[in-house]
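In what follows, subunit A forms one complex with subunit B and a second complex with subunit C.
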Partner chain A sequence: MVDAIVFIVSAIIILGGAVGVIFNQNPVHAALSLIASFFGVAVLFILQEVHFLALVQVVVYGGAVVVLFLFVIMLLGVEEIERFDDEPIPGQRAAALIGSVLLLGVILAGLFLSGPGGNRGAVALTGKPSQMVPLTTDPNVVQLANDLFTRNVFAFEATGLLLTIATVGAVVLVKNRGGEDLVVDEPGTSVR
Partner chain B sequence: MEVTTTWYLVLSAVLFALGSFGLLVRRNPLVMFMCVELMLNAVNISFVAFSRSLRDLAGQTAVFFVLVVAAAEVVVGLSIVVALLRRNPTATVDDFAEMKG
Partner chain C sequence: MFAYAASLLAQVTLEPFNRPAIDWHAVAPELVLLAAGALITIIDLVGLERVRKLMPTLTSFAFLAALIPVLTLWSQEDELPRSLFDGAYVVDRYSLVLKGLFLLTGYVIALLSTNYMSEGDYYDSEFYQLIAASILGMLVMSSSRDLISIFVALELISIPAYLMAAWRKRDLRSNEAGLKYMLMGVFASAILLYGMSLLYGLAGSTKLVDIAAALSIGESKPLITLAIVFSVIGFGFKVSAVPFHTWAPDTYEGAPTPLTAFLAVASKAAGFVALMNVVIVAFPGQSDVVEPLMAVLAGVTMTVGNLIALRQTNLVRMLAYSGVAQAGYIMAPLAVYGTNVDRVPSAMVTYLVIYAAMNLGAFAVVIIAARKTGSAEISSYGGMFGYAPGLTLAMTMFLFSLAGIPPAGGWWAKFELFRVLTDGNRYLGIMLAIVLAVNSVIAAVYYLNITRQMWFLPTPDGDTSRIVTPPALQVALALTLLVTIVSGILPGLVSDISGSLQLALP
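On to the complex of A and B.
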């Protein structure tokens, strides 16, 4: 019963945050709604006793990613209101709504309708449990670390390389070539 | 009331559809990026839910790698957005329709 209440409250927070991201005209408010959504997901992870991923969710998503978003918004000074009343492509919003509802319908149909052997719900999508790495009674962090540093050690090293490449790539992309100044730094043309 | 895996999967589907709707509707490149993050989170929810219901750790490992790749993707994507928006801070994605140098 407590689980259900926690789930419903965090689902409301997650979906409310998502709606806030989409319908806030101010990008700063959208980023703050995004934090709410990420924290709701972290609560759901804790509810499923996936403690390490909940921690990483808060630190990486709620911390680093959203701070990076806010940093870019304020660096560029793009926190002006995006007007919703002009629609550049006629009928685009209605088409987007229909497309998203159809996407949701397809996922839910796959979840509730199909399935081998008359199975429904989660089993319908996956079939028999795979048991690649069965869960044990060890603490969550210990299990995850054992799996990461034995079965997935090569992928783990590759993510280190990936992060290095991303850092170097960001520096190269943002580097100011040819003395082209930031618009917000020019006197008199400040956006705000 | 017991929270079953289906609850998590339905929530994940709704969040994914909301993210795709935002990605299609919004024109600010930063907000579109946030909607991509929402869709990634939706997938993470279903990975963890399946990991719990199938008693299998592989789903949680997948979420770990999704987190790392998402962090790298945000870094590169935001630097592209910075490179584009510093020329014209009021630009929307419609202004980048032609990918000419």
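On to the complex of A and C.
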């Protein structure tokens, strides 16, 4: 019962935060809504008894990432709130709305049509709570470490390379050597 | 206080850490490329401007060095397939052929970039590091049989490509190319992750074989369908299948041309490898869902790609749309994998190998020609036979190959597709074969139009001075031309390597 209430409250916070990110005109408010959403997810992690991930969620996502967002927004200047009322393609907002509702409908229909016997809905995806068994009784961090450094060690190392190379590329892209904008058809020797 | 902490620590009984057994030989290609890439980065950091000229050469050597372990693995054939991490990473003949293909593609891309990067005002050392990282992602992708490593490999391929698409920083179109590609790619990744999370929920495992087992007894057909559709859409963006191709033309046109070649060949091939791994290993029992989906995607992709390519006046944009159409051809065998799974991987890999050679060759010609004309408009190729007969002959060969006209290699690749599609007399396969045949004719029109420009029409500005081809581009042209012609005249050589490939199950 407590589980259900906590779940519903945090689900509302997550979805409310997500909607707030999209609909807030002020980018700072949008970033703050994102924090609300991240915190809701952290609560869900605690509900699943994965305390370490909940901690990471708060420290890394709620803390570092959003603070970085806020830095960028502040540096770019938020005094001028850009209006996004014009539609480059006529009717794109309406089309996007209809598309999203249809997608939601398809996903919900998929969920609720699935499952043998009475196990319809999300149960079809994960099985009944009573049938679930915890993987091991090890503490979270040990489980996580075992998974990362044995079975998924290769993907883990590849992710390390990915982050390094993304940093290298991002530094190059933001470095500014100055100079005019280029207007050439096909670059070859003509680009200087 | 300390007593409390000690009691907490006492509760944690640490098991000894069991180091996973790693077959170092099997991952040697990846490790060699990783080490070489790291070495290049360090040399760049220490030497700065003094070593800038060396970077393309070093990168080329890195690709060739990584090719050595691929060959040694291939030579110890009786030890294949090698399986690591509980079967999440498999090295078999299929993945070795693909690794060879990706490394050689990387080598040619490095050759194509050499003059382009050093003569323009670019940060070129980092460009080569990003290319190497992306190729490394492709090596990982060829062997991945697990959702996590497939996703990480996909991002390792894509993120450097997003960055490189925007490499011509002061050109607005390049900025647009990078941004568009990144936004679309991230969107596709999100959809893919949704599909993957559904698959994980259904199977309780990220390993593809476990997913196959769970899906075959699963009674949740609507959910399975949803998961399959989402995963296929995610890969559909990567291979620029219609209707997920909208990023391709703008990105191809705005990105630096060597990178365009990279996107059109290597990145696209990697998308197909991911698609093959997932469809063939994880969905073997789900052909009733996947086959119609693939048939529709392939048919629409080739038709729309060809029809739009007909109207292009810019050669790079035309190659972009023709690449969309070619993606439709390559995807076609997956529409009959349910009954013909033994032949699907070899047909697709054969096509990928020959497609890589002929398309890289065509891009090499575009880059060489642009050094003189400074343009990729099709009209600027007028009368090229008059002042650059060798280049014209090479381009004609590549275009014949793309159109599927013997003796160039493309005909054999297409022939293999037809064989797989018509094998077993399946309604879906025959229909798709007919669509493919009609499309080949449409495609021949615009490929041959360029040949006509080069051979028969007058030079637009009357400038008939010779084209100087630098050595790196000469090597690239010679390599691609060699593969294109040899695979057409002696198709047996290609089928010796890429024939009868199977995805080994761990």
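As a working rule, the second predicted complex is superposed on the first by the 151 of 192 C-alpha atoms of A that agree within 3 Å, B and C clash if a C-alpha of one lies under 4 Å from a C-alpha of the other, contacts with A are read in each partner's own complex, and residues count from 1 in each chain.
Rule of thumb we're sticking to: contacts are C-beta pairs under 8 Å (C-beta built on N, C-alpha and C of every residue); 3 or more make two chains touch, one makes a residue touch a chain.
The structure displayed is predicted, hence computed values, not measured ones.
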item	value
Touched partner set for A:153, first subunit B, second subunit C, both or neither	second
Contacts of A:107 with subunit B and subunit C, given as first, second, both or neither	both
Superposed model, subunit A: greater residue contact from subunit B or subunit C	B
Partner chain in contact with A:170 - subunit B first, subunit C second, else both or neither	both
Which of subunit B and subunit C A:162 touches, first, second, both or neither	both
Touching partner for A:1 - first (subunit B), second (subunit C), both, neither	first
Which superposed partner A:142 touches (first subunit B, second subunit C, both, neither)	second
Overlapping contact positions on subunit A, where the subunit C interface meets the subunit B interface	107, 111, 125-126, 151-152, 155, 159, 162, 165-166, 169-170, 173, 180, 182-184, 191
Partner subunit B, residues of subunit A touching it in the complex	1, 3-4, 7, 11, 14-15, 18-19, 21-22, 27, 30-31, 34, 37-38, 41, 44-45, 47-50, 53, 56-57, 60-61, 64-65, 68-69, 72-73, 75-78, 80, 82, 88, 92-93, 95-97, 99-101, 103-104, 107-108, 111, 121-122, 125-126, 129-135, 140, 143-144, 147-148, 151-152, 155, 159, 162-163, 165-167, 169-170, 173-174, 180, 182-184, 191
Subunit A - residues contacting subunit C, complex	106-107, 109-111, 113-116, 124-126, 138-139, 142, 146, 149-155, 158-159, 161-162, 165-166, 168-170, 172-173, 175-177, 179-192
Interface residues, subunit C side, partner subunit A - complex	12, 14-15, 17-20, 27, 34, 41, 84-86, 88-89, 116, 119-121, 123, 126, 129-130, 133, 136-137, 140, 146, 148-149, 152-153, 155-156, 159-160, 163-164, 166-172, 178, 198, 201-202, 219-226, 256-257, 316, 366-367, 370-377
Footprint of subunit A on subunit B - complex, ascending	1-11, 13-22, 24-28, 30-31, 33-35, 37-38, 41, 44-45, 48-58, 60-61, 63-65, 67-76, 78-83, 85-90, 92, 94
